[in-house]
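Heads up, there are several structures right after this.
Each of the next two complexes has chain A plus one other chain: chain B in the first, chain C in the second.
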Partner chain A sequence: MKILKMVGVLALLACAIIFPQVFTDPTVTTIGVFTLIFAAVATGWNILGGYSGYISLGHIAYFGIGAYAMAIFCLHWNIPGGYEPFSLVPLAAVIAAVVSIPLGWIALRVRRHTFIVITIAMFFIMQLLAYNLIWLTNGSTGLGLPLPVSWGGYFYNYPFYYAALILLVIATLVSWWIRNSKFGLGLLAIRDDEDRALGLGVKTGASKLAAFVIAAFFAGAAGAIYAYFVESIYPATIFDPNFDVAVVLMVFLGGLGTLPGPILGALILEPLQQYLNLQYGEAGYNLIILGGIFLLVMLLLPRGILPTLQDMWTKYRSMREQESPLQAEGGIVITALPGVGRSTAGRAESAPTAIAPNQNEPGEGINV
Partner chain B sequence: MSLLETQGVTKAFGGIQALNSCSISVEQGSITGLIGPNGSGKTTLFNVMTGYERVDGGQIRFEGRAITNASPDKVFRLGMGRTFQLTRVFPRLTVLENMHVAAQRNDLKGLFSRWSSTHEQRRALELLDFVGLTKHKNLPAGNLSYGQKKLLEFAFVLIAEPRVILLDEPAGGVNPTMINYLTSRIRALNERGVTFLIVEHNMEFVMGLCSRIMVMHRGTKIAEGTPVEVRANPAVLEAYLGD
Partner chain C sequence: MGLIIEAIVTGILTGGVYALMSSGLTLIFGVMDIINIAQGILVILGAYLSYVLQQQLHIDLFLGLLITMPVMFGFGVLIEFVFIRPLKRDRTMLSLLVMYGLALVIEGVLNLIFSADLVQLQGWYTTASFNVAGFYLSYIYVFGFLLAVVLLAGLYWLVYRTKFGFSLRASMQNRVAAELIGIDVERVSAITFGIGIALAAAGGMAFGATNAFDAASSYDLISRVLAIIIFGGMGSLSGALIASVGMLVVEDVTSVVWSPVWASTVFFILLVIILVVRPQGLLGQAEVRKQ
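Right, the complex of A and B next:
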C-alpha cells in the first residue's frame, strides 16, 4: 500500500514535470505557472488554516511582501533578468516570514471570527502601506522587475514553471512532515480544542505562531516567483483580495486539513478561473459563473472533495462489512485486565467487566 | 505529606463569589473526594488549581512549589492531570492520536520528529488496553459513546504519568457497569502511587472509593473527614438541605 502510494506520487510528479514539454502552448503553460504558484500558497496556508484551524483571510499580505521584496532587491542590486533572480526567492520568503512574526503574534491572541477579521485588516494595512510608502514601493506607479531577454518563445515560461514546481514540492514535503510530527499533532489538537490541548502540555502559543510563519514563508516565496513572472507589480494587483479568497477556496474545495487537498483545489480552481477569465472576462460573466460553481460546491461538497470521497469509501466498506453475518457485535467484554500490573489483590477488577454496546453517534465528529 | 494544597484562594466572577478563602489539602497517595451542592465552587477550584482560571487572591502549592496562576500546560507538565465535567477529547483525531497529544516531549528535535515513536506507541496501546478501548483505536474520538470518551480522557491524561489526577464528575451520566470499571481503574492506579482528587455527585461512588472527603459550600470548605464522619456532620446536611 505504501509502495503503491509512493509510485502514485512519483507518477504525478513526473506528469507535472513533462506537462510543459507536451503542452508547449504558452497560454497553457502560463496557466500552469499560475496554478503551481497558487498550489504552493494553498499548501502552505493549509498548515495554518487546515491543521491548526486558524482561518487567515490575509495571508496574501505575505505573498505581496515577498513580491515587493523580490522587486526591491532586484532593483537595488541591479540584478539582470535570467536565472539569478530565482536565487532571491528564499530571501524574499524569509522577509515575509520575519514580518509575519509580530503580526502573527498579535493576530493569534484572538480566535475564530475575530482572528479572521484581524487578518483581513492586516492585509489591507499592508496594501495601504504599499500605496503609501512611496520611497520603498513607488506607490501606485508600481515597480518593474528585470526582463529575462534571452528567453524567448515557448521556452519563456519553463524556468518559472519549474521554479514554482520546486516550491510546491518543498511546501508539500514540509506539510507532510508536519502532519506526521509531534508539532503537527499539537496543531490538530489545537484545531479540535485549544484549551484542552494547552491543559495537556501542548505549547499552543508557539505552535500556532510557527504555523502562521511557515504559511507566510510559502506565501512570500510564491509571491516572489509571481512578481518575477508578471514583471511589474502594483499594490492593487499584488495585494489583491481576490487572491486571498481564491487560496482559501482552493483549500476548502480540495479538503481542509488534508495533505493533497490544497493541490487538488488549486488544480481545479486556478485553470478554471483563468479559462473563465479568457472566455467570459470581457462580458464580466466569469465571476458570476465562478460564484455559481461555488454555490454548487457548498451545497454538494461542503467538506471538500477529498473528505467527502473518504466518507463515501468508509460508508461503502462498513456496508459491505455489515452484510457479512460474523460482524454482529454486542459490547466489549473485558475478562483479563493486562497492564494493571502489581495490584491484583482481590479488587473489583477480578470480576469480568462488560461495557455497554458502543453507541455510535454518526456525524458527531463533524463540526466544521 | 500534603501533595496539593490551596491557602485562602479567592475567585469572583462579577458579583458572584465562586471561591471564598478556600483552603484545602490533598494528602499524597490518597483518593480524596470533593463534594458539595451545585454552585459551591468545586469546578472553579479545579479550574484555578489547573491554571484555567486566575485567582483573585490566595496561594496554590503542588509538591511544595507555588503554582498560583501558572499556565495549564505548565501545571500539566509538573505532574497534575485533570478531566473535565463535560468530557473533552479531540473529536476529529483518532483515539490513538488523542493518546499521543498528551505524551510529553520537551526538546525541539522531539517536536519535529514523528509523533508515533515506538516507546510512546507502546505506552499508548498499553493504556488503551488498560481502559478497554484498544479495539476502537483507529476510530475518530468523536464517534465514541459518552462513557468511552470519559475513559479515553482518563487514559490520555495518564500517558504523561501525572502524580495527581483531578477528576471532575467521572461518574456523571455513565452507566453503573462503567462506573464499577472506572472505580477499579482508579484503585489500580492509586495502588501504584497516583493521588486522586475527585468531584462527584454520585454519593455511592464517592463514599465507596474515597478515603477522605472534603465538603464545599459557598466557595469554601465546610467539613472534612472520612466518609462516615462527613455523613454524620450536621453542617454538611445543612449545606445540602438548605438552612
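Right, the complex of A and C next:
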C-alpha cells in the first residue's frame, strides 16, 4: 500500500514535470504557473488553517510582502532579468516570515471569529501601506521587475513553471512532515480543543505562531515568483482580496486539514478562475459566475471533496464488511461517527484521543 | 485650531453614518455568530437602490429609505433563509465564504447594470451648506447624522425595550439556552439579519450622498467597518458606535494636521495598539471556552 502510494505520488509529479512539454501553448502554461503558485500558497495556508484551525483570511498580505520584497531587491541591486532573480525568492520569503512574527503574535492572542477579522484588517493595513509608503513601494504607480529578455516564445513560462513546482513540492513535503510530527500533532490538538491541549502540555502559543510564520513563508515565496512572473506589481493587484478568499476556498474545496486537499482545490479552482477571466472578463460575467460556483460549492460540498469521498469510502467499506466505522490507515484515523460533537464530527481526521472524552460528556446531545 | 474643531465635528457627523453600517454587522455577529463579509457590498446595493429611486422616480433620498429599507430587510431575511440556514456545521467559516460568494455575485451584477463609473446621490442638501459659529457645515452631514441618531435610537429601543429585543439578547448570550426556554432562535436570526441589512441600506444612502461610489467601493467599506467592530469589541452595539465616531474623528483630524494619505493608516495603528492591550476590543467580552 505504501509503495503504491509512493508510485502514485511520483507519477503525479512526473505528469506535472512533463505537462508544459506536452501542452506548449503559452496560454495553457501561464495558467499552469498560476495554478502551481496558488497551490503552494494554499498548501502553506493549510498548515495554519487546516492543522491548527486558525482560519486566517489575510495571508495574502505576506504574499504581497514577498512580491514587494522581490521587486525592491531587484531594483536596488540592479539584478538583470534571467535566472538570478529566482535566487532572491528565499530571501523574499524570509522577509515575509519575519514581518509575520509580530503580526502573528498580535493576531494569535484571540481566537475564532476575532482572529479571522483581525487577519482581514491586517491585510488591509498592508494594502494601505503599499499605497502610502511611496519611497519604498512607489505607491499606486507600482514597481517593475527585470525582464528576462533572453527567454522568448513558449520557453518563457518554463523557468517560472519549474520554480513554482519546486516551491509546491517543498511546501507539500513540509506539510507532510508537520502532519506526521509531534509539532503537527500539537497543532491538531489545538484545533480540537486549545485549552485542553495547553493543559496536556502542548506549547500552544509557540506552535500556533510557528504555523503562522511557516504559512507566511510559503505565501511570501509564492508572491516573489508571482511578482517576477507578472513583471509589474501594483498595490491593488498584489494585495487583492479575491486572492485571499480564493486560497481559502481552494483549501475548503479540496478538504481542510488534508495533505493533498489544497493542491486538488487549486487544480480545480485556479484554472477555472483564469478561464472565466479570459472568457467572460470583458463582458463582466466572470464575477457572477465565480460567485455562483462559490455558493454552489459551499452549499453542496461544505466539507470539501476529499473528506466527502473518504466518508463515502468508509461508509461503503463498513457496509460491506460490517466493521466498526473507525478505519485506521497509515497511522491516520478517519472518523465518521455521527453526533460525536461539533468539534470532532465536522472533521475528517482527528486524533483519536480527542474523541473519547467527548462521547460521555453531558450536553453533547443538544445539537444546535 | 479652527480646522481641527471643524474636523472633529465632521468626524462625529460622518461617524454616525458608519455607526449605522457597523451596528448592523456587530448585531448579526452577536446573534448568529457569523461575520457578514457582504455588508460592504450591501451598503453599496442600498446606495444604488436609493440612486435608482431618485433617478427614475424622483423620490427624495430620505423618503426613499421608506422603500429601500423594507426591501433590504426582506432581502436580508431571504439571504438568511437561503444561504445561512442550510449551513449546519462549521457555520463561522462556511458562512463567511458563502457571504463572500454572494458579495461577488452582487458586485458582478451591479457592475453590469451600473458600469464601473462613479456616481453620487444628489439632493438639494448634498451641495448646500450653512454657517454655524464661523464654520460651514453641509446639510447632508447633519441630516445623515440625524438619520443615524433616529435609527440607532430605534434600534436601542428594539433591542433593550421590546419582547423581541429580549429574545435577541437571550440568543446572543446563549443560543442553546435561549432555544431551551422556547425562543425561536432561527426566527430571531432571520429578523436580525434583515435588520442588519436594512441598517446597511440606510448607511449606504448617507454614504452615497457624501461620497462618489461604485461597486468596488465595497472593499474599502468592509475593511473600515470590520476594523470598527473589532475596535469596539465584536458583538457590542455601544462599542460599534464609539468606535465609528472615534475612527472618523481620528481620520479627519489626521488629514488636517498631517496628510489625508495617512488618515486610515493612523486609525489602523491605533487598532493594533488597542488589540495588544485589550485583545477583545474596547467593550467586547473576553472569549470563554466553548464546549
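We adopt the following convention: the second predicted complex is superposed on the first by the 322 of 368 C-alpha atoms of A that agree within 3 Å, B and C clash if a C-alpha of one lies under 4 Å from a C-alpha of the other, contacts with A are read in each partner's own complex, and residues count from 1 in each chain.
What we mean here is this: contacts are C-beta pairs under 8 Å (C-beta built on N, C-alpha and C of every residue); 3 or more make two chains touch, one makes a residue touch a chain.
No experiment lies behind these values; they were computed from the predicted model shown.
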Under the stated touch criterion, which partner chain does A:195 make contact with: chain B (first), chain C (second), both, or neither?
both
Of the partners chain B and chain C, which touch A:174 in the superposed model: first, second, both, neither?
neither
Which holds for A:28: it touches chain B only (first), chain C only (second), both, or neither?
neither
Considering only touches as defined above, state whether A:109 meets chain B (first), chain C (second), both or neither.
second
Touch test for A:288: chain B only (first), chain C only (second), both, or neither?
second
With both complexes superposed on chain A, which partner does A:75 reach: first (chain B), second (chain C), both or neither?
neither
The shared contact residues of chain A with chain B and chain C are 195, 342, 361, 366
Write out the stretch or stretches of chain C touching chain A in their complex.
29, 33, 35, 37, 83, 86-87, 89-90, 92-94, 96-98, 100-109, 111-112, 175-176, 179-180, 185, 219, 223, 226-227, 229-230, 234, 261-262, 264-265, 268, 271-272, 275-276, 279-281, 284, 287, 289, 291
In the complex, go through chain B and note every residue touching chain A.
50-52, 71-73, 75-77, 82, 84, 88-93, 97, 100-102, 104-105, 110-116, 126-127, 129-130, 132, 135-136, 140-145, 147-148, 156-157, 160, 175, 177-178, 180-181, 183-184, 187-188, 191-192
Across the complex, what residues on chain A touch chain B?
177, 180-186, 188-189, 191-193, 195-204, 332, 334, 337-343, 347-349, 353-356, 358-362, 364-367
Which residues of chain A touch chain C in their complex?
55, 57, 106, 109-114, 116-118, 120-121, 124-125, 128-129, 131-132, 195, 241-242, 245, 248-249, 252, 284-295, 298-299, 302-303, 342, 345-346, 361, 363, 366, 368
